[in-house]
Each structure stands twice: as C-alpha cells, then as structure tokens.
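Report on one structure; see the data block that follows.
As written, the chains take the letters A, B and C, and residue 1 is the first residue of each chain.
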C-alpha cells in the first residue's frame, strides 16, 4: 500500500468527537445560556455570626475561645500550649497575637521538607484562617506563603486564630465574595470540625488522618 | 367500593368488557403487549365521566405511564390525555370529587395504614386515606414506623426474586406487628395480597383489607 | 461471596446492612427537613437543571476545564479506558522514579481496577480511606459508594488487621482506627504520588473538588510531590459558584452533614512562595464508556449522579441483597441503571428487574434522576435484546398470551373460571412455586366480581 497515511486519533479527540456525535454538537459551539448562579445569603445581623459560629463549631466537637483583642490570645492559650511542640503558620495575624514569640513554637518555614518534619513531630498546629463560616462552623484556608497546608493537617490538634471581622454567613456568601477561588490560590480548603470517620459499624471516631481536636480563637477587635 | 359510591349517590357502572390496565406487561419490559391492553382499556372506558380505580398502582399506570407507552402515536396519546383527568384513585375521588370525608362507616378495631408506593410517590397520596379512616367510627389508626417502605410485591419482581420480595414483606410485617393492629389497610390490592400471603405463612393473626372494604363496613 | 439467597438468609449480615443504612437514612432525614433546610427541594431542581445543561454541552465545558487547568500549571490527560490510565501513571512513575502511591477513596479508580493494574508493575498503591484500606487488606471491593466497609463488623476488622498487619487482636474501634492511622501516616510521608478522585470538576476554575471526612484526601493531594486526580468526564459543573448548590446537597444526602469535614478546592500545583503542596498536578479525564450514555436524552440523566449513596440507603432491595451482589462496583439503584448502560443490557439482564419499582430512590436523589423510569426503559431494552438473540421465548409467549387475553374479555372471563377450578393444584407449577416459596396463596373468591355484578344488575 502506497501513500496511505495512518491518522493517529488522540484519546482527547476521540472522546470529544464521541461526545459531539452523541449530542449532535459541533466543535466550538457555544452553550445555551445558563441561569445565574443561585447564592442564598441570609440577611441576618452580622453581629450574630460569632455566636452562630460558636454554636455550629461546638456541635461538631470543636472548642471555641473568645478573646477581646490580640493581647488576650496568649493568656487564653497558655494552658493548652504548655509543654507542647507547636508549629505555627506564617500568618501575620499570629505574629501580632504574639504566638510566634513563644519558645515552644516553631514558625517561619520556607522549606517544604523542614516544614513536613516539624509538622509530623508536632503536637499542635496553629494557623489563622482567611474566613470562617458561621452557619456550618467552618474555617476557610487558602494556601499561600502565609498559610501552608500541612500545619492544619498533620498535628493531632489544630488551633485557628481568627479576627471576628473575617466571619461570613455561609458557603454561599464565601462564593459570592470569592467567585473564582482558583484566581487566588492553588488550594482552598474548608474545614468543618475535627477529622472523623464512621467506616467501622457507622460508629463515629475522631482524629483519623487529620486532627482529632480543633480549637477556634475568635478575636473580637483586631 | 360500589357500595360506598352508591351511598354517596353516584350511579356506578361496571363495563363487563374491562380487564386490565396493562401494567404487568409494561413493568416487565413488554411495551408492545402493554400498549395493546392499554388501547383496550381506553376503548372500554371511553364514555365514562369518572373512572374510579381501587388501586393507586393502576391509576398511576393510566395517568402517568400511558404517556410513555404511546410516545410517537399522536392519536393514542391524545386519547390517553383525554382519559387521564377522568381517572381517579378511589380515596382521592371521595375527597376531591365527592367531597366526602365521613362516609358513615363503622369498623371496630386497631388498624394500621400501608402507603403503597405508586400511590405515595407517583400520585402523592398520603394524608387522604388517613383522613377517611379517621372518620370511621370505632376505628383506631396506629401508624407503623415503616409505613412508606415497600411491601416487596413489585409485580413480576415477586416471582423473579422471591427471597428478596419475601424478605421485604417480612421487614414490613415486623413493623406492622409493633403497632398491635389487627388489620392492615391499603388502597392497593396487590400489596395486600403480598402482605397477606406472608402473614398467613407466618401464622400471624392479622388480616389485610382494602380501604373500600373498611369504608363499606357498618 | 455470598449470593442473594445467602445474603438474605444471613441474620448477621442483614443486621449490619440494616442498621448502617438506617443510620444514614436518619442522618439525612435530620438534615433535609423543611424546618432545618427549607431550600432543599429548590436546590434539587437547580442541581438537576445545572447537570442537565452541563451534560448537554459536555464537550464545551471539558475544553474550558482543560484550558483553565493548563493556565494554572496543571496537565489534563484524556483517557478512553483503564489501559490508557495505567499507561500514563506507569510512565510518569518510571520517569520520576516513583515507587509508592497513596490513594484516597475514588469510585472511578475502583471502576478500572487501578490498584491491581499497578501492582502488576511493582508499583504499590495504598488505599488510605479507613474503609477502603480495610477492604484492600481483605481483597474485597466496596460494599457501598459512601460507606465502603458497611458490611463488616469490628470483629471482622480485628481479624483482617491481625492477618494482614500481624498486630494482636484489637476489637475496640477507636484503637483499630489508631492502628490504621499510624500505618498510613508513614505511607503518606513516604509516598511519591498521591491519587485522588474528584467529586466535582469546576470548568470556570480548572479545579477539582474533593469532599471527605478523614483528611486522607487532603494528605494525598498535598503531602506527595505529585498529585494525580482521576475523574469521570461527567463530574463537571460549569462554575465555582454552582458549588453552593451541589455542596449543600451532597453532604446532607450522603451522611446528613451540611458540609463534610474537609472540602478541598484544588487548582493546579503549588504556586510561587507556597511552602507545601504538589509540584506537579495531573487531571485524568476518563471516558470508559460514559460517552455511550449520552445518546438518549432520558438515559443521559444517569450521568448526573453525584455519588451520595442516598438511593442505596433507601432502596429496600439494596438493604436486602447488599452491595456485593450487584455485578459492578456501583451498587444499588444507581448501579442498576448505569451498569447495563456501560456493559450492555445483555451482560447482566436480570439487573434492571431487581427492583420493586417502589421509587424511594428517585425521591431522595439530590439531582432528581428518574431512576424508576430508566429501569423501565432498560427492562424494555433487555426484552428487545433477548428477542434479537432468540432467547426468553417462554416469557414472551406468556406476555403475548396475557395481552391477547386482556383484549378478549370473554376469554379472560372463561379463563378466570378455569383458574378458580384449578387453584388447588397450581402451587406446584412454574411462577406460582416461586410465589409460594415465600407466601401463601390468596384464597380465590367463590365468584368473580364480573359474575357478581352481572347477577346484581339483572335483579
């Protein structure tokens, strides 16, 4: 056979081709318009978010602490941190609360391997959070040079210190102010309660792979 | 059913040529055979003002699924569309057409009500039969926990998967027994046949009755 | 493996399935009621509409997704089948000199026997979800989409751990969890590659969204230097903001949680200055038969599924026969409609018939898939396929007789009388024997309604 070219169809072309054939669509054909996203944000008083957050958070098994301002944070955490190995994130807010000045706290990591080792050995990881969602008791963590991922994940206890001003009503409000999280970060994680499983007999056990104990410190004025 | 309807002043006719709505064939994948039977149904009941059906399942077949089986047959589809609003499940007919909640019945004893699946989920019949039962003198309605759970009949399912079907009925009956009811009431005879069959096999002192039988009691 | 008959007759297994599914039913009920979640029904409709729109324009959104993943420094690999997935992963592992893969729960990788395929090439893939890990040790497949080890008790788990890990017998669930945590923690820290599934693919963001409770998906996607997400092409949603609809439904429908413990929204490798996170990100988009489900506008709905498992929990048939009696990894009502479409209706022709059509599944489906309607369609297809293959003649004859009888009222009446007369001997034949294996026969009325009516009218 002469001059016969073997045309290699890539899996990508094959799949998109099949889809278009089955749906009767042409390549590049734009979709019909889709209704605007439905975000339901309750018009409740922002002053209520803190109490609502505490209520939802404690229902999940978290422990909430209210600090009037940044100078109340250290005293509130002193017993919890005593004699523990602690890793803190690079969030400036933790510095302004004085957490990074404590002798048992390691912070300022820029190297992945060192961070990993420290987190794997730590008893407690302290972070801030970009937002907190009142309706569900959720921390919203955007990965950045200030917030590494493993600090809220590897140590058995996680403490998040959050200014009250970062409280939002719910997931819907979060998505209304962050319509495209990927533009801000490679990883946005919503943390709603301690790590848990019910895989054996549907019995709830806390602290499987992530922290089994979580605390929220809400700072009223910052 | 006839008795209750006549008590309410309706003239009841029972066309002798009637047979079946075609559901058994439709549910088993024999759409062609179901279509033949459905066509017969539409012929036989062509002139009735109201077709009152003592079964949620059959009602749903006619009002919901004739649409599917006559897809592509404009003439039959139209005929099915004309029929649908005239077809009424018995309890709904009493409440919404005859506007009768109290039909003057008396039945002494504890009963429990079984929500048959097609009545509940396709026709959205839930409170109606209970409202009718509440007006029956001497009757106590004890709700069972698993009122909305399937009895396990499912037409040919009961024959193709007898162990599963029987197991489903036994689960349901466990829930019935807990209510201390002597009678299980439903608006579908097929569920009742299934339940009675398993009840009898277990030797339990429970009987099944159609809602119409209860409402006809005096 | 236990057959349907054995499963139904095994009181221990029945109790395990019943109590676990009942807990899930109760949790869901407590989270979707009108008082606690008034928008639930509206969101179901919205979710259905968004999925319908996405699937109807699947090629467009896939290309949008791909462009956005690439823009964030990730790579997209389209795969038609299991082999292409394995080839890609093996190649990458070879290039990066990788030996160990940690995996978080993913039905899509179960579907293509990902672990077994890699094992043949000396690449170890460890499941890290507690339930999946137990099953991997026991060489079993998931019993349930959401609760994979739902059929096992703590005593089963104790035996499995002793046998596979050499630990002493431990029957306290908390302690069992600790054992798994410590074994798997080492794996996470040593792994070269982390593999996750995806609950959603977000087209406008080039992101994968993974929801979980344990933290193993977070670890799999952030501890190793390479993150590979494997997802079916149908997992798409157009916009990040649509997550407000889907996340509000998924956790509630699955386990009654308004949000699961961790929801990760991941778009590409770590960026400039981020201390941790993967250096490389790959998104594998798998067809594996999904495109076959697109042609029929009704059956296409099967691709809307968000794998919450609610239809399994509420299905009285699943609750009797359990997960392993279904022929494929997807069990319950959703399995009964997608398996025949992926594998062809002739492979397990009984499957669409294993339902009483009670409709409980459709009622709880968060994306409103009309499961009973699709079961009926598939039943008709099974019957047609049998006819083409020249099989199922007896049943076809029976229904032909049925429709003939039902359109000839005189014959119908006559046969009804003969039936009454034959009643005493019929329990021994055919379908009736199956009926009476479980139940008594109803006593036949001494006279038919037809006869009674005729006599009444003539008076």
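Assume a residue touches a chain if its C-beta (ideal position, glycine included) is under 8 Å from a C-beta of that chain, and two chains touch if they have at least 3 such contacts.
Bear in mind the structure is a predicted one, so any value in this text is a computation, not a measurement.
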Arrangement of touching chains [line / ring / star / complete / other]: line
Chain occupying the middle, per Cα centroid: C
Relative to chain B, chain with the most remote C-alpha centre: A
Top chain pair, ranked by how many C-beta pairs fall in contact: A-C
CA centroid of chain A to CA centroid of chain B, Å: 52
Separation of chain A from chain C, taking each centre as the mean of its C-alpha atoms, in whole Å: 28
Between chain B and chain C, centroid-to-centroid distance (C-alpha), Å: 32
Footprint of chain C on chain B - complex, ascending: 14, 16-20, 22, 24-34, 36-37, 39-40, 65, 68, 117-118, 121-122, 148-150, 152-169, 171, 193-194, 196-198, 200-201
Partner chain B, residues of chain C touching it in the complex: 4-5, 8-9, 316-317, 320-321, 350, 352-360, 362-363, 373, 376, 379-384, 395-396, 399-400, 402-403, 405-407, 409, 412, 431, 434-435, 437-442, 449-450, 453-454
Touching residues on chain C, where the partner in the complex is chain A: 16, 19-20, 23-24, 39, 43, 46, 49-50, 53, 56-63, 68, 72, 78-80, 84, 128-131, 134, 147-150, 152-154, 157, 173-174, 176-177, 180-181, 184-185, 188-189, 202, 204-207, 213-216, 218-219, 221-223, 233, 238-245, 247-248, 255, 257-271, 273-277, 285, 287, 291-292, 294-295
Residues on chain A engaged by chain C in the complex (per definition of touch): 10-12, 14-16, 18-20, 22-23, 25, 27, 29-32, 34-35, 37-40, 90, 109-112, 115-116, 120, 135-136, 138, 143-145, 148-150, 153, 171-172, 175-176, 178-183, 185-203, 205, 207-211
